Amino acid sequence: MAVGSTYKVVELVGSSSESLQEAIDGAIARAAQTIRNLDWFEVREIRGTIDDGHANWYQVKMGLGFRVDGGEDIRED
Amino acid sequence: MAVGSTYKVVELVGSSSESLQEAIDGAIARAAQTIRNLDWFEVREIRGTIDDGHANWYQVKMGLGFRVDGGEDIRED
Amino acid sequence: MAVGSTYKVVELVGSSSESLQEAIDGAIARAAQTIRNLDWFEVREIRGTIDDGHANWYQVKMGLGFRVDGGEDIRED
Amino acid sequence: MAVGSTYKVVELVGSSSESLQEAIDGAIARAAQTIRNLDWFEVREIRGTIDDGHANWYQVKMGLGFRVDGGEDIRED
Amino acid sequence: MAVGSTYKVVELVGSSSESLQEAIDGAIARAAQTIRNLDWFEVREIRGTIDDGHANWYQVKMGLGFRVDGGEDIRED
Amino acid sequence: MAVGSTYKVVELVGSSSESLQEAIDGAIARAAQTIRNLDWFEVREIRGTIDDGHANWYQVKMGLGFRVDGGEDIRED
Amino acid sequence: MAVGSTYKVVELVGSSSESLQEAIDGAIARAAQTIRNLDWFEVREIRGTIDDGHANWYQVKMGLGFRVDGGEDIRED
Amino acid sequence: MAVGSTYKVVELVGSSSESLQEAIDGAIARAAQTIRNLDWFEVREIRGTIDDGHANWYQVKMGLGFRVDGGEDIRED
Amino acid sequence: MAVGSTYKVVELVGSSSESLQEAIDGAIARAAQTIRNLDWFEVREIRGTIDDGHANWYQVKMGLGFRVDGGEDIRED
Amino acid sequence: MAVGSTYKVVELVGSSSESLQEAIDGAIARAAQTIRNLDWFEVREIRGTIDDGHANWYQVKMGLGFRVDGGEDIRED
Amino acid sequence: MAVGSTYKVVELVGSSSESLQEAIDGAIARAAQTIRNLDWFEVREIRGTIDDGHANWYQVKMGLGFRVDGGEDIRED
Amino acid sequence: MAVGSTYKVVELVGSSSESLQEAIDGAIARAAQTIRNLDWFEVREIRGTIDDGHANWYQVKMGLGFRVDGGEDIRED
C-alpha cells in the first residue's frame, strides 16, 4: 500500500488595481489566512474590468493546491 | 498596495427534469441558501440522462463566483 | 417546478508511489472519510514527480461529484 | 474479470426553429426511434443559422451514449 | 480561379434578464439593425451575473458570421 | 412544434500519399458511396506518417455531417 | 491519383469494476467481435462512478479507428 | 514608456470551390482591399460543405492581424 | 421582454518593450481613444519576439468588451 | 517485461512562400537530414505572415516523432 | 535579481505491450539513461495500436521536465 | 521550390522568486547562452510554488522558437 498525501485545489480569483502580479499575490495571501499547507498555484484565466479608458481591476483566476491533513474534514475546504 | 477583493469559485451541477434554464436557476438558488455575495456564474458543461427515449434530467455544470469577506474562512467555501 | 438535486464538485489530487490506479482510489477513499453521497469522478490531469530516474509519485487530479443534501451548507464543501 | 458494459456514443445534431431546448429534445426523440438503451447526452456545440435578421434554426451538436447489448453488432451503431 | 465569398465574424455578447434563449435572440436582432447578410451564429461562452441569490443577467458570447459584399469595406465590420 | 431535421456526424480519416487536399476529398468520396444527404465536413486533426525522410501518408481526421431521413435507422449510420 | 485507405473512428466507453486498463481492453474486445481491421485507439476521457466510498465503475471513453474495406457500407459503421 | 504598436485581429472565413489554399489566399486578398498594414494570419477552423458527394466549398476561418495606425479609429476595424 | 444591452468584443494585441503589464495597458489606452463604454478585457495569448538574446517585444492578445449603444452601427466596431 | 520503443517528439515550424503542403514537406525534409527513424508528424498550428496584401510565408508548426535507438543520447534530440 | 533555475521539457512517447503504467515507467527509465536532474512528468496523450482484436501497444505521450545545469548546453536537450 | 527556413521550438520553464516577468526573461537569457537565432516565445502555462503563505517561485512554461541554420544538426536542439 503506497498511497501518498491527498491534495485539494480551491479556485480563487485575486484582484488588484495595480497589476497582475499583485492580484496573484493577494489571493495567495488571503488563502493563507485560513488554509495550512498551501503548496502550489496554477493560473487559469487573466481578465479585468475597464473604467474611464483604463484597467481599474486586474483579475487572475487560479487553482491553489494544499495538502489535506490526515484527520482534516475535506468538506471544509 | 492596491489588492482588491478575493473571490472563490465553487463548482456545482444543477439538474432539472424540465429544462437547461431551470437547472441553472436551481443550482444558483441552492447555493444562495448558504453563500453570501454570490456574484457570477460560468457554464462549464451541459449534459443529461435519458430514460425511455426522453431526456429525464438536464444537468448543467457551472462555476459560481462569490466575494470572500475579510474575516471569512476560505476553508469553508 | 421540476428542479432536481444539486451536486458539488471538489477538485482533489490523489498520489501514490505505486500506480495511477492507486492514486485515483486513494483520493476517493480520503474524500469518503468526510463527504457523503459521493457519486462520480472525472480525471482532469495525470502527472508525477521523478527521483533518481524513476517516478516516485504518480499524481492524478480529479473532480469528485457528490449530491448536496437539502439542508446542507454548500460553504462547507 | 470485472469488465462491465460497453457503451457507444453517436454524434447527432438536433435542430429547431424555436429553441435550443427543442433542438436537444428533437435529436433525442429521433435517436430513440431506432436505438435502444439510450443512457446520456453531452452537448458539444451550439450554433445556428440566421435569415432575415432572425435565428431561423437553432442547432445543437450532442454525443448520445447507449449501452451496446451483448450480441449487438457495434458496426450498426 | 474559384474563390468564393468572404465572410466576417464579429463577436457579440447578448444579455437578458429572462433566459439564455432571449440573450441569443437579442444579440442577433441588435446586429441585424446594422449588418446585412447575417448568415450564422456560434455560441462561444455562457455566463451571467447573480444578484440577491438569483441570476439577474444571462450573458451569451457568440460569433456572428455574415457575407462581406464585393465592394464593402471590411474595416467597417 | 418546430423540430427540424436531425443530422448525424461520422468521423472518418482520409489518407493520401500526395496531399492534405486529396486526403480530404478521398474520404468524402468514399463516404458518398454509401451515405446520402452528405451536407458538411469539419477537419479535426491533420497528421501523417514518414518513411525514408518523406511524408508517405497525409492523414486528415474529419467529421462528416449528413441529414438522417425520416424513416432511416440511425443505428446504421 | 494517390488516395489511400479511409478509416472510420467509432466512440466507445469501456467500463470495469477493477481498473482503467481493463475498461480499455474490454471495449476493444467488445468492438473486435463485430469490427474487422481495428487499427488504433485514442483515450478521450477517463471518469467513473462511486458507490459506498469506492469507485465501483471505471469508465474510459475512446475513439477506435479501423480501415473501411473497399466495398464496405460506411453507414454500418 | 515603451508601449509599442497596437494590432487588431479580425476574423474572416475565406471560401473556395477548389482548395484550402485558395480559400486562405482569397480571404487575405479580400481583406487587403480595405485594410492597410496586414501583418499575419492564424488558421482557426477548416470546414466545408458537400454537394452531390463532393466538397463544393472549402471554408477556412482565420484571424488576420494588422497594425492600427496612430490616429486610426479602432471602431472601424 | 427583458433583453439587456448588447456588447461587442474586439481582439487587440498590445505590445511593449518593457513588460506584459505595459502591453495590456497600452492596448486598452489605444482602444479607449476611439471606443466608448469599454467594460472588460480577457487575456487570450501571451507571446513575444526575441532579438539578440532578449525579449524585445512582449505581445498580449486580448478581447476587449464594450457596450454597443442603442443607435450605434455595429458594423463600425 | 514488455516495454517497447521510446519515441521522441520534436517541434518544428516549416515555412514556404508557396503553400501549406510545401511548408510541411520542407520541415520533414530538413529534419530528415539529421534525424534517423522519423516515424510520424502531427500538425499543431497553421499561420503565416502577410506582405503587400499577400501571404508571403505559410508557416506550419508540427510535432515530428522518431524512435530513439537503444544507445542513443536523448539529450541530443 | 531572483531568477531561479531553468527547466527544459522534452516530449517522449513510452510504449508497452502490457499496460499504460509500464509505458510511462519505460519512457522515464529510457530518458534517465542520458538526462540528469529529471524532475517531473506530465501525461499529454494516451493512445495505442490494435492487432487481431487486442491492444498490442499502449502508447503514452508525456512531457518530462528536468533542471538545466548552469553551464549545460540547452541545444543538447 | 520556395521552401523557407525551418524553425525549432524548445519548451523551457523559467522560474523566479520575484515575478512572472523575471521568470520569462530568465529563461530567455538562459537559452540565449547556447542557442543562436532565438526568434520568438509563446507562454504556455503559468504556475508556481507556495511556501509559508507566499509564492516562493513563479514558474512560466514557454515555447522558444529559433531558426535552424542550414547545416545545423536538429538532433542537437
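As written, the chain order gives the labels A, B, C, D, E, F, G, H, I, J, K and L, with residue 1 at the start of each chain.
In this section, contacts are C-beta pairs under 8 Å (C-beta built on N, C-alpha and C of every residue); 3 or more make two chains touch, one makes a residue touch a chain.
These numbers were taken from a predicted model, which means no experiment stands behind them.
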Path length in the contact graph (chain B to chain D, fewest steps):
1
Touching chain I and chain L alike: which chains?
A
If I list every residue number at the interface of chain F and chain H, are over half of them used by both copies, so same, or under half, so different?
different
Averaging over Cα atoms per chain, report the distance between chain G and chain J in Å.
29
Dist(centroid_CA(chain B), centroid_CA(chain J)) in Å evaluates to 44
If you average the Cα atoms of chain D and of chain I to get two centres, how far apart are those centres in Å?
38
Round to the nearest whole Å and give the separation of the Cα centres of chain A and chain C.
18
Touching two or more other chains - residue numbers and ranges from chain E
10-11, 20-21, 25, 29, 76-77
Chain pairs satisfying touch are A-B, A-C, A-I, A-L, B-C, B-D, B-E, C-G, C-K, D-E, D-F, D-G, E-H, E-I, F-G, F-H, F-J, G-K, H-I, H-J, I-L, J-K, J-L, K-L
Sort out for me which residues of chain I touch chain H in the complex.
10-18, 22-23, 25-27, 29-31, 33-35, 57, 61, 76-77
Show which residues of chain C lie in contact with chain G when the two form their complex.
20-21, 24-25, 28-29, 32, 38-43, 64
Of all residues in chain E, those that touch chain H in their complex
1-11, 63, 65, 68, 72-77
For the complex, give me every residue of chain C touching chain K.
19-21, 45-50, 53-55
